[in-house]
Amino acid sequence: MYRIHLPNFEGPFDLLLYFIRRDELDIYDIPISRITEEFLSYVRVMKLLDLELAGEFILMASTLMYIKARLLLPKPKDENGDEIEDPRTELVQKLLEYKQIKEATEDMRISEENNLNYHERNYFGNDESAEVVYTNTTMFDLLTAFKTAVDRLDNAVQEHVVELIPISVEEQKEELVKIVNMKGRIKFLDFMKDKPKAFIVVTFLALLELIRSQELFITQDDLFEDIIISPTLNLN
Amino acid sequence: MELKDLPYFFSLPKQEQKIALEALLFTMEEPLDINRLMKILASNESNSADEQDIIEYELLDKIGFNRDYVRDIINEINNDNSDNDRPFRILESGGGYSLVTSRKYGKIVGKINKNVVRRKLSNANLETIAIIAYRQPISRPGVESIRGVNSKEIINGLIDKGYVRIIGKSDAPGNPYLYGTTVEFLKAFGLNTLEDLPKLKELKELGFTEAEEAGFTLRIEMEEETKQIEEENVSNDNEYED
Amino acid sequence: MELKDLPYFFSLPKQEQKIALEALLFTMEEPLDINRLMKILASNESNSADEQDIIEYELLDKIGFNRDYVRDIINEINNDNSDNDRPFRILESGGGYSLVTSRKYGKIVGKINKNVVRRKLSNANLETIAIIAYRQPISRPGVESIRGVNSKEIINGLIDKGYVRIIGKSDAPGNPYLYGTTVEFLKAFGLNTLEDLPKLKELKELGFTEAEEAGFTLRIEMEEETKQIEEENVSNDNEYED
């Protein structure tokens, strides 16, 4: 039996920051291929362990693959002949913003700890002799109080609600195999284009499973912008 | 039989027990009667005050930790505080013990502060007024079926505060009063009319899921009930207006 | 010009001023900021704190009764209470001064009555409250774009805990609610105002230029983290200072 320790990352940014720190990477010059590889293997491990895989991780995986693909192309220029910005820029900014908050969170954890044992007085009796002004009387306070009451009412029977995606991974696996076998090969990004998020997530999950079970095969031509999905060559 | 562990409170040195008890009453949300207080003090890390059957009162009693012991401690706290001119006392009233200012300092504080008191409505108050606002006219059993707890005191308190009034009687068994909100309520919450209350649709954005449906059902039921009541109680309605 | 009457509070002997101020804060449900506190203390029987124009601050200042005097009294109260192992302290947090339990007795009370114990926020909660604190007013999509994950449940949970509230609506498509932090949040984190939040690091400073400890496997890192937490818990246990 293996004992596997997987840190519980708050989200895809958290995981990426972990890789960047661990491997001492330059956040302003992220080696996209390498980090995409790392990220995908983490996602695969989560999947293998049957951990609940949040859609956000899959979305980040496709974002990384997209950036990777764009970086492989000759740098496009705008009408003035200037190079259009690095496709990694937006990701880097998001990572920095997240890191900024994450570091602030550490300070807040300490303040929380330091103040945990200061307790207020909670019972003030019913002395209404003085003129009283209530300070928490806004429409939103009311709304929130009502929500809390009704939520609690239903709490006993309320179960964890999972958002239903209209297609299942199983269905999408069959569909993918069918399409790939029919067309011979498909381009990943083309296939995902303009599709709703849920579709992309499910398709990606299906694809990962198919790759793992070696029913499909992905290649990436360095000169090409997209990942190519093709049927596994039957060597027999 | 032996006590497995002495409850944390009773394991403290006597002097710390006194200070801790004063601090405990400071943090309480309501007066504590001697039974409830005893339950809390006798509970252990392993059994909370609500698992009372596990609490070994008899064994505690044998080693002198009983109600009289706690009452004595309370007297000692009051004597100490009096001797040292401390401003707080433990008072038994309103159904139990609570920490209040001493008479002397209560009077002094009264002279220093003659101003408008700024308070917050407690969650229980806010919740109850919200339910009445959204579901009016609603009876006390109606409010209680949503809150899940007895709400008599809270509703009466809200009537005293001027936010709630009786607007009729239900024809349900026992003919309970029906409550609604007042103009004072609208003013306090910055609303012009009840129409300005945030709509259920907005509640949805706040994360209503299953609960929302429960809310809807309730509301529909209430609306039907209301219509009936309105028809029957037009005359009643006027009796209760100020 | 002469002061007609010394305000009642300042006419008391110093020792009584201290006790009276502690008792005054005991009766307040909301933190009192220094301005409001000064107004109340400087008001006379003939003029309440809300008639501030009548209060002769300048004349009071001349005889040494100013804000610094009041701040000094508060420090003295805290020192006295600490020296005499009293369970209360005056804390400046959540927008002003309020009376709270000392850390030592707060901890003891928490052991006696587990209901008093505030639970520490999870990482996800802390991260989200940090985003809301620093970026308020911010909508849910705004929070999610920084965290990179759906944050509906977390935000609703923080509202239930009383740390976050809706403070308005955005003009963005769909008019999402805008969230901000509450006084409860400030209190829980020992902040007097939002300006007391530690400054965020400049984005420039955030690069991973310095060689951070690397080469640990996932496993080692996790185990160290656990050990650290355990050690912290142990040391906290003995930490009884205020």
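Residue numbering begins at 1 within each chain, and the chains themselves are lettered A, B and C in the order written.
Here, a contact is a pair of C-beta atoms (placed from the backbone, for glycine too) under 8 Å apart; a residue touches a chain by one contact, two chains touch by 3 or more.
Quick caveat, the model's predicted, so the values are computed rather than measured.
Visitor: Of all the chains shown, whose C-alpha centre falls nearest the centre of every protein C-alpha atom combined?
Guide: Checking distances from each chain centre to the full centroid gives C.
Visitor: Going by average Cα coordinates, which chain is farthest removed from chain C?
Guide: Looking at centroid distances, A is the chain farthest away.
Visitor: List the centre-to-centre spacing of chain A and chain B in whole Å, with centres computed as mean CA coordinates.
Guide: Whole-Å distance between the two chain centres: 43.
Visitor: Could you give the separation in Å between the centres of chain A and chain C, each centre being the mean of its C-alpha atoms?
Guide: Chain centroid spacing, chain A to chain C, equals 34 Å.
Visitor: Per the centroid of Cα atoms for each chain, what is the distance between chain B and chain C, given in Å?
Guide: A distance of 25 Å separates the two centres.
Visitor: If you look at chain C, which of its residues touch at least two other chains?
Guide: As it turns out, chain C has residues touching two or more other chains at 26-27, 29-30, 101, 106, 109, 116, 159, 166.
Visitor: Give the residues of chain A that touch two or more other chains, as numbers and ranges in rising order.
Guide: If we look for residues of chain A contacting two or more partner chains, we find 119-121, 124, 135, 140-141, 143-144, 148, 151.
Visitor: Of all residues in chain B, which touch chain C in the complex?
Guide: Checking each residue of chain B against chain C gives 8-9, 12, 15-16, 19-20, 22-24, 26-27, 40-41, 43, 45, 48-49, 84-88, 101-102, 105-106, 108-109, 111-120, 205-207.
Visitor: Would you tell me which residues of chain A are touching chain C in their complex?
Guide: Residues 5-8, 10-14, 20-28, 54, 56, 60, 94, 96-105, 107-109, 111-121, 124, 135, 140-141, 143-144, 148, 151 of chain A touch chain C in their complex.
Visitor: Applying the document's contact rule, which stretches of chain A touch chain B when the two form their complex?
Guide: By the definition above, chain A touches chain B via 119-126, 128, 130-155, 157-158, 161.
Visitor: Spell out the part of chain C that touches chain A in their complex, as residue ranges.
Guide: It comes out as residues 26-27, 29-30, 89, 91, 93, 98-101, 103-104, 106-107, 109-110, 116, 118, 120-121, 123-124, 126-127, 129-131, 133-134, 145-150, 159-160, 165-167, 187-191, 197-198, 200-201, 203, 206-209, 211-212, 214-216, 218-219, 221-223, 236.
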